[in-house]
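Input: one structure, supplied below.
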């Protein structure tokens, strides 16, 4: 049986770009990490090493820098769209582009002074195939904790189940969420801010019987709050906090002292969709069907 | 428009398990990291927090430990199949299970002494849906370098291209490869060893005009060597090594002194398929279509 | 020549402890990482494996948890002092104890909801030798950036110097600072808050001709602001941001687009002392003279 | 009270350098990470930002690359000595230099092909003050495990002790060891190889009653085997492996299935000295007394 080339893509990953916009003495800072992936008519380089249809990844990096200067990086979704369109529209062999961006937050300390702020990283992933564009916005590394209002019981018990039921536990997670826009246009800044706020508010307000329930409430809150969004995908590690047994030391432990565990951890992944949403197309991936 | 629950899964991630098999004074060591993901009739826990159909992730961890004792962990593919089948076959609400395993290598130093060996981590991902099972084996964190026999030229030049063509560069990468088995049975140990050897041999022997060409040769070598394998997916970061400009110091640098860069890096992803291979089914993912 | 035992210490590192103080519906969260090191009459365990003078590291962990319940963890300096004194005063073979603590910040979102805040980690290191106690407070992983008001010129030029002088660069660093208290008593909370503020303020306000100058200003500000502190040690990596050359693309780059580099980085370490300060004793280390 | 400048140093950290020595078709690969720290007459840059006595860290990086070309990097101790002497001897304001190097291992796969080998990283730290030089060699990230021949009992039991005594446990650690040479000359290659072998052999052969005992045996073996070495400092995390309780599942667990824990971990640090060894001078640090 013959061996054939399957789906493939290539690009420059993790170009670190910092932009300083100087409006007199007041500076604005943008700090991003840009990854580009391109797909198209790339069989030659795979099969024979003929690179005539390959735009070097070094050029992709240069383009990321040049576009930041030419067009700014006001909203990462817009910046990503511009880059993705450029690669597909200007390079005949490239038929699809996906630009993934992380934006690190900085808190202003002065006119030109900033402190890196750690409450999550804003993300965007933009895909373009020459005709359509898809935009997914998101957040990652957003660590949240509720110290009560979380229960877990009523679950299946089999031969291997030893877990005690609990009516009061700590619920902690590091949120990774991505939400799909119905269209590739939008008011990206407010959309992001309100989607993120909806996630956090739902985490805070949900009396949780399972992390799945909290996940669903978070996704639903995003869709309820922003009509331009049609799908939310969430990945929530369950960062277990175990109540320490202090009885051997003659001490009670009424929900006060916990051991924060590293591994293993629960991992809850789920999707919340607007019924009748447009199909995702290439919103979630470029080159491969799964 | 209504908001609905989309694809979802949950499980215990990164259960660290070490098994010592004691055959008299001679010990065998197995060191693995097990992650389980389950999908099925899980709407209730998402929508109302009713956990009656949820097998706790803690139970999944217990099962991983108990099965290692009851059945051993001789080959991670077999161990993963047993776990995946157990969850689906014994829990009515669970209709799909995916077990992902990393196996860390140890080199024997004595009858019961070992040194952690760093040349890559063996991986397996097993998926079962109650009827069919799919097995993907692989390797990750396998760092390879050719100090010559790599060129890169003839590529597209556009307004943003400054890269010089080169007829001799260092080619270095950290291989992540996964290969799909046609069937869920196999001689897992030799299959892994030979697939891994084929990858490495192809990397070493390919005179490379692009990392894509090397990637394709690596995937092809795996399929050529092992008829039971039908698809190889490779992710190869291009770990750039830049020749240092020593001219300012009155020194030539004839391919001798390089700066090893961290970021950005090229990222080449590709698939090599056996023509007419059976469809992948759920081999590459459990809960989501992309 | 005989071979002899030199300085040694042992202990439990990185005990992760989360405390929830429940004052009705309003919860307070404390999240710390505790490391203990003990020194003393430990030759037997080194030379013969006789553990009669060894307090197990497991016991140290238990003690950390129990003390958090018995005495709270209001200020990490106080909690560390209590632990250090306990080990030395209650275990005859232990003559010195050092307790190092990291405290992770959380921002309140609600009565019992919190978001992990990333602007630095508070630290404390407490040492006790049975007679005296030393307290060092500090901060780490505090990432600061000035987008202007930083120059670097007038430096030595030798055969290997190619660096251009600059009158305007980005100055960015991840602050690790530790400050020594003159005595082992104090108003730890305000002392920490003001020392940290002084560091940040000095970073923001210093027009910098070198990172060393900024370092010195930061240390000096801490000592000027807090009379109970006598020494500040700072470790400041210089996180280089390189202006990207956009000329090949027909673009100027007037201090706007930078590449943020990972490695290598400058590393500036310095100490600022109050003249006539009491000697450091064991403030900076327990078991070894260097 | 006046505020004064205390000990300080600065330098370029983590310059990543790869050297390819081409002897016809057979290539030799050296892969290192170089960090330089310089001390001396540096008050001006701290106090006023006058950099007239500062050799830029960028120049230090350039020098590391240029020296690798001019003199090779055959043995990292020798390369470090050459760099350290250069900075102090050629720059009047610099009175002390410390060069720390990590060398990553690569296993040969072909004439010019290599795989990154993970069994530890070779290290060297060289200090020079204009008159004397000190050399410390070492290894780090060397992960070793004995699956038996390790006991732990007879320890102190106090109110907070719950640990069970054990006559058979897994002993696992990630070795960081540094050994001091009596003089700054040596046959660095064989010295390293044999010191490392002695460490590993002692770990394997020691029937251990405590990790301290193993540590001491490891240090002693290095000194016994190499007369040019006078001091060994070891840092050994105790990577706990807990026997999993399988009784709830009706299974015995006769030393077979373990959970490998991340945190907390024991941390054992100790020194083994040759009696009458020359004093360490600046072998262990450049700028600070502790």
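Just so it is clear, A, B, C and D label the chains in written order, and each chain counts residues from 1 on its own.
By our rule, a residue touches a chain if its C-beta (ideal position, glycine included) is under 8 Å from a C-beta of that chain, and two chains touch if they have at least 3 such contacts.
Bear in mind the structure is a predicted one, so any value in this text is a computation, not a measurement.
Chemist: Suppose you hop from chain A to any chain it touches, then on again the same way; how many hops at least until you reach chain C?
Modeler: 1
Chemist: Which chain has its C-alpha centroid farthest away from the centroid of chain D?
Modeler: Farthest chain from chain D, going by C-alpha centroids: A.
Chemist: What's the distance between the Cα centroids of chain A and chain D, rounded to whole Å?
Modeler: Comparing mean C-alpha positions, chain D is 38 Å from chain A.
Chemist: Determine the centre-to-centre distance between chain A and chain B, using the mean Cα coordinates as centres, and give it in whole Å.
Modeler: Here chain A and chain B have centroids separated by 22 Å.
Chemist: Nearest whole angstrom, what separates the Cα centre of chain B from the Cα centre of chain D?
Modeler: It comes to 31 Å between the two C-alpha centres.
Chemist: Please output the residue numbers of chain D that touch at least 2 other chains, ranges allowed.
Modeler: In chain D, residues 15-16, 62, 66, 160, 162, 248-249, 262-263 touch at least two other chains, as defined above.
Chemist: Which residues of chain A touch chain C once you look at their complex with the stated criterion?
Modeler: Of all residues in chain A, those touching chain C are 15-22, 27, 29, 31, 62, 65-66, 68-70, 106-107, 109-110, 112-119, 142-149, 170, 200, 203-205, 241, 244, 246, 248-249, 251, 253, 255-262.
Chemist: Contact residues on chain C for chain D in the complex?
Modeler: 1-16, 35, 37, 42, 45-59, 61-63, 66, 90-91, 93, 151-156, 158, 160-163, 208-213, 215-216, 219-220, 223-224, 231, 233, 237-238, 263-277, 280, 284-285, 287-290
Chemist: Within the complex, which stretch of chain D touches chain A?
Modeler: Residues 159-160, 162, 248-250, 262-263 of chain D touch chain A in their complex.
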